[in-house]
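Okay, so subunit A shows up in both of these, paired with subunit B first and subunit C after.
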Partner chain A sequence: MSTPMQREGTMFSTYRFIPTSSLYTLVGLAAVVSVLAFNVADKFYLHVLIMMLFYAAVSSAWNIVGGFAGQLSLGHAAFFGIGAYTSSLLFINFGISPWIGMLIGGVLATLVAGAIGWPSFRLRGPFFTLVTIAFAEVLRILTLYAHDLTRGSIGISVPFRPAVGNFIFRQLSAYAVVALIFLMLTVMVNLWIESSRLGYYLAALREDEDAAQALGIDTARYKLVATLVSAFLTALGGTFYAQYILFIEPFAIFSLDFSVLLAMMAIIGGIGTVWGPVAGAFLVTPLQEGLQAKLGGELHGLHLVVYGAALIVVVILLPQGIVPSIAGRVKRAFGHHEARPAPPVKGES
Partner chain B sequence: MGVILAQVAVSGILLGGVYALISIGLTLIFGVLRVVNFAHGEFLMIAMYASFWLFHQYGLDPYVSIPIVVALLFVVGVIAMLLVIRPILRASPSMQIAATVGLSTLLQNLALVTLTANYRSVETKLSRMVLSIGPLVMGVSRLVAFLVALAITGLLFLFLQRTYLGKAIRCTAQDRTAALLMGINIDRVYLLTFAIGSALVGVAGALLMQLYPVFPTVGTYFVLAAFVVVVLGGLGNLTGALLGGFIIGLVEAFSGFYVPELKEAVYFVVFIIVLLVRPTGLFGVVGAEEVGLK
Partner chain C sequence: MILEAENLTKFFGGLAALKEVSFGIAEGEILGLIGPNGAGKTTLFNVLSGAFRSDQGRVVFAGEDVSRLGAPRRCRTGLVRTFQVVKPFSNLSVLQNVMVGSFLRTPDPGLARERALEVMELVGLGARQDQPAKSLTVSDRKRLEVARALATRPRLLLLDEVMAGLTPTELVEMLETLKKIRDRGVTLLVIEHIMAAILTISERILVLHHGEKIADGAPKAVAGDKRVIDAYLGEEYLLA
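Coming up: the complex of A and B.
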């Protein structure tokens, strides 16, 4: 029997790409969403579905750094914003298709993530989190400042010119399909990381960074790899948002609230697990969209009151999140042992 | 030009006093509990609303109502400690941050829902009064805030140095296990420290009410500056917070003078550079960022 740790090869080698249960979940999800996307006539419900898929995907992208690597970033709005602004500016100024702009934005976010990530990985706990917040704030202020390029606080309206090549569709169903593909992509990346050598390295450094270093794991390097992948996927989400909403402005795009929301969904669902962020996003997004639609401008922020309370309750009572707690209970009920150790509860201190 | 620069420097130092006062509570709590309270800004917001409400409802001058606001914030600190902070004291740093961020989101949006996003301000005779010394001018309420910040820091020092309770707090900050072995009731020290830290931000809120309007997200604006100050001074270092406050006040005043649109970016960049080059802050002990030691 060879375990993944004993195998020869690079950190990318895997021993079991997609576990059967996750494969069924993925196929089931795709089937249900496809049926819904083409059969739900109500535009509002379709919009909620799209936002669920979108948040699930971006929260999963956050999970690679925040969950697997255990580095609580509250600055992912920065990568999201780079994606949204890059593709939108290229589209409106040079007519470059947002599909291409999306990839350019992803690469740009990856470069920026490398530049800021490499030096900040020495920092631990709250210090790392504070740098990520500061970084996103600086980008927001610079975006406001460079108003000749970005139109500052006025924001950018993407002209409504429906065409597949323009990443603008008349039918909401098309957006749902694109969001589904985006979600499947991020989930597959999460599954791949979880079962790869990289995933084990990340789990090791998350549990105890000193011990991981003592075992010869280059912790800074693997944190960097996780950040680059996470930044790229988050930037793709930025382009999707810009093409779907067709309007972006610095306060909404680079906001701390957005970064917090991504972390919140992952933590409520189950941080550091593949399905946790998806479950978290599916649970809270309908609440958010529903309350916003029902109350309109009034009581703006009520959903965030509920989120904040839910986050505190989950952290205190179910620190592993909802998915691992339920999964553990189901497995115990059927007499199975947990296949993988749950994410850490105890601190480094 | 010299007079203008001197004026900018004076404004910066006065502003720094306010930042220092907000930051001292934050750094005290971190030094003892090793928890970064992301809801600190919302505590400031609560203090400002309390001060505003007491003025609006009962005509109490914000300076007169300081003791009431401080007592209220002490109670807020006790409640937050018992309900949110105590259960997560042994959790991982990520989970601690998540819980206090959750508290911040909860309080901020509760204020948004119940009190609306309107800006509210208090105007008293003092808040518009200006003092001139030679060619330099300074707002009286700014000067008061600055002097009170200095006085409170001095009192806090005396408390920590001279009283039994203060010594117990310092002892716990240095080594919780040793403190426990010396018969110190750590739970009570934690509770008191958190409540005192919150009461300090109560003072800051009451003083700020004379200077700035209050609105639900006012905490975010000030708490980000407070994080910068606290890290610059070395998390857990009280003198550092005071000096860090002055440095950030000056940086903000001068960058506001030369590049007004970028003034926040300037101090965030200073912050990032300090964290990357000297993560323990300018006055912190090397290695503190890794173990959270003072």
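Coming up: the complex of A and C.
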């Protein structure tokens, strides 16, 4: 039994779920980012690098629900905001380290995701998407309303007290390293899901929910599992953002734009693939940050026009997304035909 | 009896798609289900498999009343159906499609893969494993539908027109496959319009007409039944 699907095999029993090509990509990515983080002197470029890693991680987190499970959420800003507000409020009010606050925020986002997800998964297609948008909007309004707790539209400034325990660093390189670790974590979770039963079940319910149920899959339950994992990781991103920017306010944090951006990066890169959101974020973020810096001052909003045009071009030329299109070409060149890497065979290592 | 249907009634608005249908299936049996279009065959499958709840009556499977259970739970107890309009997971490969089925009985990807390959061999999809499901021909899609359901290790398999649209050669292959499946201890309930096929393979035949059971018996007896000829087979069939 030797087929092209097995060839990627796996290297170590503990990392069975990581195909060799993805392992090399991960290691290569870590190496390149580490070198850049400590050698790029220009603060703007370093900032762009950090935002690339950050968006890649959060878009990967979104991909678990939006991509693997095919449930188009446009309300992930909600989980992001819960993470950002929870750790920041705990830090400024009680002096609790944002590292711990980050985990608490993650758990809180997971609980909220469960409470919202359970009823809304009965809705299919656009109705589900509308509920997620409404959910994030409600949280934004609640944040504005709960002025005594959240300082409403004034927002929260996190005091600049650099210390590792405070999750605040003087050096931007440190943020790059933390963002890199965050990205590696979300990619590993994506890789694990893709190769496990959960990944197969999510793909099945995405492709045809009735057929999935007929094969014994409790589709509502698996959608929920995907949402919980996704919400937790997204909330971690919220804390990272708060600790990096050191200022959060409801309009920026709970914005529909942010939710749409996460989805868009995944779609451009290749929705439902592990490396798609990463590729999408790496492409879109420099474009966005660069255009905003170059054009934002001259004509307000012009960067959005250029950005939108670039997006349309990519979507027309590569409708499946960057990663599947390129992977498809590579595979055709080498004579392989498969939709995605298969899991390793038991007993092989 | 592995399955007992008691007084199943299903309304769509004012229309009774099923009217007090009762029957049983013995373990290891192949039961054919025939009837004209709109007779309620697929509705019966939907009610048995849990896609719909019946308005009256109950479904007892392996001694357990499953009437209140949804489709996934019934599948886990071993009551599994295929769809007349096949529903492949189009963007997954054939192997991955079948693995979704075999994952029901094991969380281990390696084992699921092994079992999926075995089932694919049985239904004649062995050579197609890496192809995306959407690239399959009609007959291979039907095979995939059977393979996926079979991979869940059912005790009773409900097959909805898996022979429609096959060439005569493919039909013979499919009949062989169904016999092999039965020989592995799986009970079969088969909806089919191709009379030659259903008469060959079934040990008993059930006939539905306007949602009512009008005959239930040995193939020969059913084929000669006056009501069945009037409702479904027609005079030409009798002469032929």
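Quick notes
To be clear about the criterion, the second predicted complex is superposed on the first by the 299 of 349 C-alpha atoms of A that agree within 3 Å, B and C clash if a C-alpha of one lies under 4 Å from a C-alpha of the other, contacts with A are read in each partner's own complex, and residues count from 1 in each chain.
Note that a residue touches a chain if its C-beta (ideal position, glycine included) is under 8 Å from a C-beta of that chain, and two chains touch if they have at least 3 such contacts.
Note that the coordinates shown come from a computational prediction; the quantities given were computed from them, not determined experimentally.
Of the two partner chains placed by the overlay, only subunit C lies in contact with A:Q213; subunit B stays clear of it. When the two complexes are overlaid, the chain among subunit B and subunit C that reaches more residues of subunit A is B. Of the two partner chains placed by the overlay, only subunit B lies in contact with A:L130; subunit C stays clear of it. In the superposition on chain A, the residues of subunit A touched by subunit B in one structure and by subunit C in the other are 344-348. Residues of subunit C that touch subunit A in their complex: 49, 51, 70-73, 75-76, 80-83, 87-93, 95-96, 99-101, 103-104, 107-114, 117, 129-132, 148-149, 152.
Taken in their complex, subunit A has these residues touching subunit B: 66, 70, 72, 74, 119-120, 122-127, 129-131, 133-135, 137-138, 141-142, 144-145, 256-257, 260, 263-264, 267, 271, 299-302, 304-305, 307-312, 315-316, 319, 344-349.
Partner subunit A is touched in their complex by these residues of subunit B: 30, 34, 36, 84, 87-88, 90-99, 101-110, 112-113, 117, 216, 220, 224, 227-228, 231, 235, 261-262, 264-265, 268-269, 271-272, 275-276, 279, 289-292.
Taken together, the subunit A residues at the contact with subunit C in this complex read 1, 3-5, 195-197, 200-201, 203-204, 207-208, 210-219, 337-340, 342-348.
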